[in-house]
Amino acid sequence: MSELVRFGVSLDKALLEKFDRLIRTRQYTNRSEAFRDLIRQELVKEEWERDQEVIGAVTIVYNHHQRTVLNRINDIQHDFLNTIISTQHIHLDHDNCCEIIAVRGRAGDVQRLSNALKSVKGVRHETLNMSSTGKNIE
Amino acid sequence: MSELVRFGVSLDKALLEKFDRLIRTRQYTNRSEAFRDLIRQELVKEEWERDQEVIGAVTIVYNHHQRTVLNRINDIQHDFLNTIISTQHIHLDHDNCCEIIAVRGRAGDVQRLSNALKSVKGVRHETLNMSSTGKNIE
Amino acid sequence: MSELVRFGVSLDKALLEKFDRLIRTRQYTNRSEAFRDLIRQELVKEEWERDQEVIGAVTIVYNHHQRTVLNRINDIQHDFLNTIISTQHIHLDHDNCCEIIAVRGRAGDVQRLSNALKSVKGVRHETLNMSSTGKNIE
Amino acid sequence: MSELVRFGVSLDKALLEKFDRLIRTRQYTNRSEAFRDLIRQELVKEEWERDQEVIGAVTIVYNHHQRTVLNRINDIQHDFLNTIISTQHIHLDHDNCCEIIAVRGRAGDVQRLSNALKSVKGVRHETLNMSSTGKNIE
């Protein structure tokens, strides 16, 4: 962990009171912790916009009775071998499976993987969680 | 304007440097100004989630050759007389009009107006800008 | 208006029933109208991602007692003369003003205007409505 | 899988051409498949808004050198035993860990878990992937 720096911030009293209420609702320990979080959110947004190295989670829900869906999903994942870290498989019910695919790579590649999976016949829903390697958000 | 309060914030040196770079990119005057903005964004989100009094802008793009579209849009706006402040009309090209409707009211009512306009035959696009009366974000 | 084309779509019965319920809730006239809307949403997203010519509305809320805010906002708008169509001004209360700025231009320029206004001291909230010239979403 | 229903949709020729281009870009097999996807996106949004049973993935990135972070994260996960299915742990680098937590439960409970993890000291980023049990999006 890097060196801590302390500096002053000026806020209108009323705005600060509302911020303190928000901090309590969201259970932050203190103001500094809440500020860090707001800053990091913005930095992670930037990492994705600038196509930097990112971490993500692709979640897909699919009907495994659909012929070919398992093969297609597997084939696509093999096309992105260098982007995919590991996959968590959840059996939702008799028909539906969920896979949560942990990914690491350039933001653009992760987006391409996400698009490829979304369009597979049998995949009912696909979403992408945009996170960070943590390196740039000390 | 309410009284200014000054207090200390602790951040890791590396995180602070990245925040300062972000501040320069986005042309903020200083850190306090950037912090205020991050806080206000969160507070405005809350105003909308809690169905409080809000300010918004509904933007619609429509083809005025479509029979009935002008009447429907006008009728709907009259149903929301108490929510609508005023409307800006822009002639985009031979076919398309744009109206930007300034609204003030409960978040729920603004959402209902937005939905009603979105579904009108001839309306090609509708979006809602979620803003604030400014009262709670000093 | 361009020529209408009719074609067939296959959906699972249960999914179609849920879609029909959604159509009723959102007050669409018929399925075709609802489909058109879903398609247009995706096309407008693309226009913004590809930096094409777009229509937008920038909403700012500011405290006009803040020294210099009026001049700064006005100066910035003059830097974007070719992007701004017109501005609607609303007096919210004793302290707060709202301006809704209708814009037309390249998506990137609109984003730059939006960022410039967001960072002005005294501007309490800024949001950008991303809409379309209507040309590509018949 | 439930019974397939076929019905007609009318679209303007120019809009249909643009939709077909979008379908090719996103690699959908055919129009019906693309329509299904657009419908499902809207239905999943509704499931979350109405606090129904949902599937999600919570991704957190944290610095494991931060004292107490591991215990806090573990304690919180135990408070949500009935919501959490399983957790994937990724060692990002010397400092940073990533956990992707597969969750199933009421949308509100998942949101509460997400908020609780976001506010832990040492957690640098937290995001929530909103997905579906697949039951209502045949």
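All chains are identified by letter, namely A, B, C and D, in their written order; residue positions are counted from 1 within each chain.
FYI, a residue touches a chain if its C-beta (ideal position, glycine included) is under 8 Å from a C-beta of that chain, and two chains touch if they have at least 3 such contacts.
Keep in mind it's a predicted model, so treat the numbers as computed, not measured.
In terms of the stated touch criterion, chain A and chain D have no partners in common. Here the spacing of chain C and chain D, counted between their Cα centres, is 26 Å. Taking each chain's centre as the mean of its C-alpha atoms, chain B lies 9 Å from chain C. Chain contacts: chain B has residues 1, 40, 137-138 touching two or more partner chains. Taken as a contact graph, the chains are arranged in a single closed ring, with each chain touching exactly two others. Chains touching one another form the pairs A-B, A-D, B-C, C-D.
Of all the residues in chain D, the ones that touch chain A in their complex are 1, 26-29, 33-34, 37, 40-41, 44, 55-57, 59-63, 65-66, 85-86, 88, 90, 92-93, 95-96, 98, 100, 102, 104, 115-116, 118-119, 121, 124-125, 127-135, 137-138. The touching residues of chain B, when paired with chain A in their complex, are 1-16, 18-19, 22, 31-32, 35-36, 38-40, 42-43, 46, 136-138.
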